[in-house]
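Got some structures for you, see below.
Consider the two complexes below, in which subunit A is the common component and subunit B and subunit C are the respective partners.
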Partner chain A sequence: MIHFLLLFSRQGKLRLQKWFTPLSELEKKKVIRDMTLMVLARPPRTSNFLQWRDLKIVYKRYASLYFCTGLEEKDNELLALEMIHRYVELLDKYFGNVCELDIIFNFEKAYFILDEFLMGGEILETSKFAVGGSVEEADTLQETMEEYMSKPAY
Partner chain B sequence: MPAVSKGDGMRGLAVFISDIRNCKSKEAEIKRINKELANIRSKFKGDKALDGYSKKKYVCKLLFIFLLGHDIDFGHMEAVNLLSSNKYTEKQIGYLFISVLVNSNSELIRLINNAIKNDLSSRNPTFMCLALHCIANVGSREMAEAFASEIPRILVAGDTMDSVKQSAALCLLRLYKTSPDLVLMGEWTSRVVHLLNDQHMGVVTAAISLITCLSQKNPDEFKTCVSLAVSRLSRIVSSASTDLQDYTYYFVPAPWLSCKLLRLLQCYPPPEDGAVKGRLVECLETILNKAQEPPKSKKVQHSNAKNAILFEAIALIIHYDSEPNLLVRACNQLGQFLQHRETNLRYLALESMCTLASSEFSHEAVKTHIETVINALKTERDVSVRQRAADLLYAMCDRSNAKQIVAEMLSYLETADYSIREEMVLKVAILAEKYAVDYSWYVDTILNLIRIAGDYVSEEVWYRVIQIVINRDDVQGYAAKTVFEALQAPACHENMVKVGGYILGEFGNLIAGDPRSSPLVQFNLLHSKFHLCSVPTRALLLSAYIKFINLFPETKATIQEVLRCDSQIRNSDVELQQRAVEYLKLSSIASTDVLATVLEEMPPFPERESSILAKLKKKKGPGAVSVTEMEDGKREGGELNGGGDRGPDASAMAASNASTPSPSADLLGIRPAAPVSAAPASVGSLLVDVFSEAGPAASSAAVNDEGFLSSAPPSEDPAPPLSEADELLNKFVCKNNGVLFENQLLQIGIKSEYRQNLGRMYLFYGNKTSVQFASFTTTVSYPGELQSQLNVQSKPVEPLVEGGAQIQQVLNIECLTDFSEAPLLNIKFRYGGALQNLTLKLPVTINKFFQPTEMASQDFFQRWKQLSQPQQEAQKIFKANNSMDTEVLKAKLLGLGMALLDNVDPNPENYVCAGVIQTKGQQVGCLLRLEPNAQAQMYRLTLRCSKDSVSRRLCELLAEQF
Partner chain C sequence: MPAPIRLRELIRTIRTARTQAEEREMIQKECAAIRSSFREEDNTYRCRNVAKLLYMHMLGYPAHFGQLECLKLIASQKFTDKRIGYLGAMLLLDERQDVHLLMTNCIKNDLNHSTQYVQGLALCTLGCMGSSEMCRDLAGEVEKLLKTSNSYLRKKAALCAVHVIRKVPELMEMFLPATKNLLSEKNHGVLHTSVVLLTEMCERSPDMLAHFRKLVPQLVRILKNLIMSGYSPEHDVSGISDPFLQVRILRLLRILGKGDDDSSEAMNDILAQVATNTETSKNVGNAILYETVLTIMDIKSESGLRVLAINILGRFLLNNDKNIRYVALTSLLKTVQTDHNAVQRHRSTIVDCLKDLDVSIKRRAMELSFALVNGNNIRGMMKELLYFLDSCDPEFKADCASGVFLAAEKYAPSKRWHIDTIMRVLTTAGSYVRDDSVPNLIQLITNSVEMHAYTVQRLYKALLDDISQQPLVQVASWCIGEYGDLLISGQCEEEEPIQVTEDEVLDVLEGLLVSNLSSPVTRGYSLTAIMKLSTRFSSVNRIKKVVSIYGSSIDVELQQRAVEYNALFKKYDHMRPALLERMPIMEKTASNGPTEIVQTNGEAEPSVVEPKHPPPVGQPASQGNDLLDLLGGNDVPVIPTTMPTKPASAGGELLDLLGDLSLGLSLMAFYLFDLFKTVNFLSTGIPPMTAYNKNGLKIDFTFERANPNPNVAVITIHASNSTEADMTDFVFQAAVPKTFQLQLLSPSSNVVPALNQGTVTQVIRVLNQQKQQLRMRIKLTYIHKGSAVQDLAEVNNFPPQSWQ
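Now for the complex of A and B:
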């Protein structure tokens, strides 16, 4: 199970935080601080894995943004790397050539896309088609409930 | 596409965000935020009702401010209002706000729950999903109470949309994790298992996370998932890379689902059904084969996904630990990865090999990679990888390579990263202790450790070296000499001064004969360090000084002078002052006899689990320790550090009521390392369990009720067929001495004794006739697999046995691993020209290698529960063949070699026993329960052992005994 996913910039600015286990705000701040310090201090061309307390930390840098996730002992690190990659692909598909600014200005969308992909720290749907589909669909759902309900079910 | 205002962009929000980004300072940012908060507050409080769009925009701004790290104390109500909006995006923002800013305000929770309830019953899949997401995100107890019974219904209802099923599965998982008591198993559980068969890959992917978690907690109820998972896995593994369309990830079919399936299977033992097992083995082989195929894509995503499955498959192979062929292949594959150019793969290979090292089938194979691993420790650029290499060296260490590994770890310590030094120090200390054959090596290693990384040597480590030196008199002189030399260094670590002070205070006399280390030289050396040390070390040194006065009366005047000087006797530290005053007084008024009694050498410390090991376990999860310690870890109770933490201080010096430790007790208290001849251990007072050191050898318990070589009535038949041999064998399960075989010509008596995994059997061949036996030969053979399990060595016997004479043969027996067959003894000789040829079974059975284990009732039932996997248990119900007399039963159970535990079973009629079978490779903890039913003349016998084959064999053997 994934415990958290953090997105932060090379300057250590937090861009997105998703927690799958209940933590107090203070604990969250501590995790964020430790993660940014540890990950940003890593020299280039090292592995993507770290051990932190009893969690496995898997991180990867995409352009100016670090994606960093905390896993349980039994979780698969390589798959977590690909989970991050799939999320980046989903963001890219939605925003088109996604960059850090997209996530800053449309943070709520970044959360929605993540929600379609992960739930309770587990993979909800791996198909790019299925995840992207429902987020796009939500965008077109500007009409009222009545209009929506009168449409044929999909 | 524009970066901003995609979909339903909110201009006001974008402006606010860019304002914040343009702030030059933290103060400016706070100012801007406060302005915005005031604005939003006035809008919310204003007379004019806000439209949905504005409400959404302001709630979103509040969310943004919160995520920046500022407190938000209003807006919750507006967010809850958004939940009941009929516009999708408004509802969505409302839910997002609630999910991120959970508020335990019960008033609000009730409103939120209401909104969720409405959405769940809306039958609109998008709204249902939003509601389920909110429950999963918040996951609070109140939500669990409200929805834990509703969600299973949604999950298994026939008309639920696939996307809703997926969300419901993971939502339920979250609730189960936070409030397992509220999620009741029921009719839905069996239908959940069948989601593994669902057409929709997304549904399977989501559902399997739920099933895995439920299976871990209720393995029996979800057993059927094993065969379903195997067939699903087999379909994926054998599918072409394009079959699964969108669920193929960079040419790898369904990597997430594959890994999840392999994880689910790790909740269970290998499938019992041969066909299912065959299919699974085939899958695992295919996965291993695919690793050797050329990649279908050069992209890293392809190889990562493929290798993710491979590592998960290897994890399953290691979990089963029963397919030597697959284990060796897994080990070879990991060996390849150890040299891979991808750092990630090297890291994972080291990690995975750590668990492989604890498997008896692959431990040796892992050891062959030692040079590569040492090289990784020396040359890897990445500290994470080096740490894994150190972990693996620790895991692969055994008696054969301990010196090399400890030396490498010590030399790595000199340059190791600060972050891992303390752990490395603990590991070196543990290995040095665990595999010390030669205790001078142990002392050298620990002193080196203090020299190289003194700052990281925790109290536990230096306490431990002192305990060991105190308890082993063969190393005391060496230790004294070595610390004396180490203290000569101009700058030595304070921990070295502590160890030096303590050891010279106890054993300085052992080196005092040498003028270079005369008492006064020793004292001056210690005292030269005194002023640089902290208060606790000074206190320890003062105790060492008073001990010197007892050891070397010639130093008395010098030391009294030191104690008398103002810096001691008027020291501002109370403890130091008190010691100086008391020691001075003691030395001046007490007679030599009194001094000698008060300052007597420290009594040996009671042997307990190493406190260092306990510390390492505390530092790291169980993942980092090898299998012996995993077993050992099971007994982590409150008393772990009881003896170990007793600091070697003056107060401790006075406490002398320690029990005498057994010379055979292992340093770590894990396994007896003593030779066969060691005296029985007295461990009654210690924490003992199935896996720890056991008490006296069992052999003496078996009472020989038959006179040795007594003249039993001769058998009618000339030569016994092999079939009788089984009966003969059964006769000796609970005893060690007696007549094994007798006919008109020959009588064979045996006498045997066992200690740990070794045994010695004396065979006495008696010629009952008056005629000489010629060409008398005996051979021991091993049926089946026994060759690799048991080692029996015998010397050839004299070929001539005179009439009426008796010859003796000694067999040395070594149990390598557990076994089921008995070795065969073939005897050939010529009696009056006719060849006599008979084959018997040697009464060597697995229970001979038992060491009894005493334990309290509570411990027994805790172990009993830990051995609860179905295959660990063997049970038989059978009719009594012999008298059910209590004393007879007790004698038999004692003869079996286990400890018979009183006051454990709530029913006094029942018998429970505990013991450890000692083999060369491992120890197998065994628990037994025998329930007699006198009325029905029946017994029920249950065995639970840490190894399933042992449970089965013991059950077979014992069912014939009662």
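Now for the complex of A and C:
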């Protein structure tokens, strides 16, 4: 099972954090700090895997964003790379040529997509179309309910 | 009240801040606005405010005051509110806060909502952060949803069930009926999550595992369909159909096939098929191959399949992709125990990985290399590993050094090679060597008797080069102290003997003493080494001078040693040769706590000193102090000991009592330990006597002859106290003339109760081979009425029958 998924920029600014184990705020901050330090310090042509405490850390850089996830011992690291890639593809499909700004300004949507893709640290849906489809359908639900307000909800 | 600013506007504004302080100011202002809005119970904009709060939370600012607001949003009827509310709950709440329990009812209602997306939100939240209490309350609802025909809900319910089982394993049984036809689904999402659920159940319960074994054929079929099926756009990843599902099925097959012949056989074909047909040009194919290899190695596969798996790993090792090499090394490490020979074939590739630039790969390669070392390849492997030790990062050096020592100990082809290897490690990574290596190495060197000259010569040369690495220096000074005579005489057979004079050696050792690079422990070693050389070298005066200088050293440990050695020169010079002679071969003991006392050899003169023979290793400081404390200072008439009968273990346990060394030593101290045996005495008819009677303390001796040795007299002392106050910390010590041997067993207690209310008894065994008249000097220490009392006495009134 995945323990966490973090997205952060090259300057170490956090863009998304998803936790699948209960940790206190302090512990979360420590993990974030450790991850950003470790991953940002990695030289360019090294493997995407690290060992940290008892977790396997898999990270991948896409443009200006680092995707960093922590796995358990029995999880497949190579598949984790595929999982990260799938999430990026889903974001790309939803936002259309996604870039870091999209994730900054629409972070809640990034979360919604993530929640249709992963749950409880495991992959929920393996179909490329189903995830995006569900999120878009739920979006319409949202707009429908707010139709009496001509402006978007928030 | 104007409408609160929109989320995206806030984000835009905050991003314009040029400094941290500016950002903080903006955030504080907005937080204040949000707080007042919350206070006004504004329903319309609550959603917007919480969303903004979540953004600020991501930047690292506190947002706990929004927790209750999230709950209100969840309870709202609007989907927008619920969406943000559940997101906020997952980000801001966790099971540590009591507040989260308030969600339970909302979630329960939403699980039964008419809109599947609302149900989905509830399942998602429960499945990500539900606490055990919540899981217990809502497991029934989840179970219901697991049986629904709606695949969107079913897949979510399956993962939610996984979370429930993880939190509350006892609830696992409840989900069993619902798993009945999970695998007959066509929907990949449901299939995938079902496999995850089944995996979780099988991992946690052997009964479930046995129950689900019957699913193996079905799983094999599904996997086969995935591989053989044509292109499916929604599941395709670089030409492979749904790799996520394939990997999960392989993982479940691994668990089901482990230890079970039938299941393993049923999956043999499909595993072979996957292993041979999977496209390896992209990462995704290798991910599947990786999982396949792990499965093949874990189940009872036929040997052909195993060889295939190892070969795949071998191919991985040669892959350009670093990730794949890393993964290969990790898997090989797992299989090296079971398939040692097969992995050996790839040894050269693995050793090459030691030179890789990637730190993670280097570490794995190092671990694997150590696992592959055996008697046949030791020389070659060690060359590579030593080269690695030279050039690797400091973080590896300690582990590598320990690994080299272990491997060398197990497989050294010759003693000389062993010593050379140790030397190499000490000189290249000397400062990273673990502390406990020093005594181990010393023991090793002592035991290689024929290599002493060679060893000391090489160590001496190493010292001339570099004195900064403490373990090297410590081992070297110990050896020079021990074998300095061999060094001077130029007896080395293994290599060209060097010409070195006594003065040169002493220069080096004195250099260590004054150098800033030497640690206190190292200084102790060198001083002791210098002292030992006084019996091996002829320039005793120089040594005397050095020793006396350090008698006033600031370092207490050095000072103590120097003072004692001085005393050895002055008053007890006759004892010096015996004390400082060559160490016996030490045996490594599996030491387990203190046992017997050291046997003693007495001196004719009653006032004997020399509390200890300088211990050559490890923690001399604490030992020395303890010994002296026990013996009460310099002029204590306590027996020195030379060779205890079991030097290794007795010394070893002695040290265990004091410190953490497992090496045996000969000690010159007198110790009282708890003992474990009692001896049957025969009554012998020897009259008892009073040995001491002063200040209210009376000590009586009673005698027995021990069976079967008639030369051993067994004396039991009985100490009684006629004063009104207890005597605590009572310690009885005895010394006998040289021709006797004495053994003191442990006392019954060390409190002599007041007013003769009880006695302390202790057994002394005296071996009197020469049947000489028994004399004894005793020393008593105790605490009486708050002050420490110490007394010495001679006991001369032994009845003749006790020693005849």
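We adopt the following convention: the second predicted complex is superposed on the first by the 141 of 154 C-alpha atoms of A that agree within 3 Å, B and C clash if a C-alpha of one lies under 4 Å from a C-alpha of the other, contacts with A are read in each partner's own complex, and residues count from 1 in each chain.
Note that in this section a contact is a pair of C-beta atoms (placed from the backbone, for glycine too) under 8 Å apart; a residue touches a chain by one contact, two chains touch by 3 or more.
Bear in mind that the values here come from a model prediction, so they are computed numbers and not experimental data.
In the superposition on chain A, A:96 contacts subunit B only, with no contact to subunit C. Once chain A of one complex is fitted onto chain A of the other, the partner contacts of A:64 are absent, as it touches neither subunit B nor subunit C. In the superposed pair of complexes, A:48 makes contact with subunit B and with subunit C alike. In the superposed model, A:9 lies in contact with neither subunit B nor subunit C. In the superposition on chain A, A:115 makes contact with both subunit B and subunit C.
When the two complexes are overlaid on their common chain A, residue A:23 makes contact with subunit C while staying clear of subunit B.
Residues common to the contacts of subunit A with subunit B and with subunit C across the two structures: 14, 17, 22, 29, 43, 45-51, 74, 76-79, 81-83, 86, 104-105, 107-108, 111-112, 115, 119-120, 122-130, 134, 137-138, 141-142, 145-146. Here subunit A touches subunit B in the complex through residues 1, 14, 17, 22, 29, 43, 45-51, 54, 73-74, 76-79, 81-83, 85-86, 94-96, 99, 101-102, 104-109, 111-112, 115, 119-130, 134, 137-139, 141-142, 144-146, 148-149, going by the rule given at the top.
Within the complex formed with subunit C, the residues of subunit A that make contact are 14-17, 19-20, 22-24, 29, 43, 45-51, 74, 76-79, 81-83, 86, 104-105, 107-108, 111-112, 115, 119-120, 122-130, 134, 137-138, 141-142, 145-146, 153-154.
Within the complex formed with subunit A, the subunit C residues making contact are 6-8, 11-12, 15, 47-48, 51-52, 54-55, 58-60, 78-80, 83-84, 87, 91, 94-96, 115, 117, 120, 123-124, 127-129, 131, 152, 155-156, 159-160, 162-163, 166, 188-189, 192-193, 196, 233-235, 237, 242-245, 247, 251, 283-284, 286-287, 290-291, 322-327, 357-361, 363. Residues 1, 3-4, 6-9, 14, 17-18, 21, 60, 63-64, 67, 69, 86-89, 92-93, 96, 100, 124, 126, 129, 132-133, 136-137, 139, 163, 166-167, 170-171, 173-174, 177-178, 201-202, 205-206, 209, 246-247, 249, 254-257, 259-260, 263, 266, 301, 304-305, 307-308, 311-312, 343-344, 346-348, 381-385, 387, 620-621, 623 of subunit B touch subunit A in their complex.
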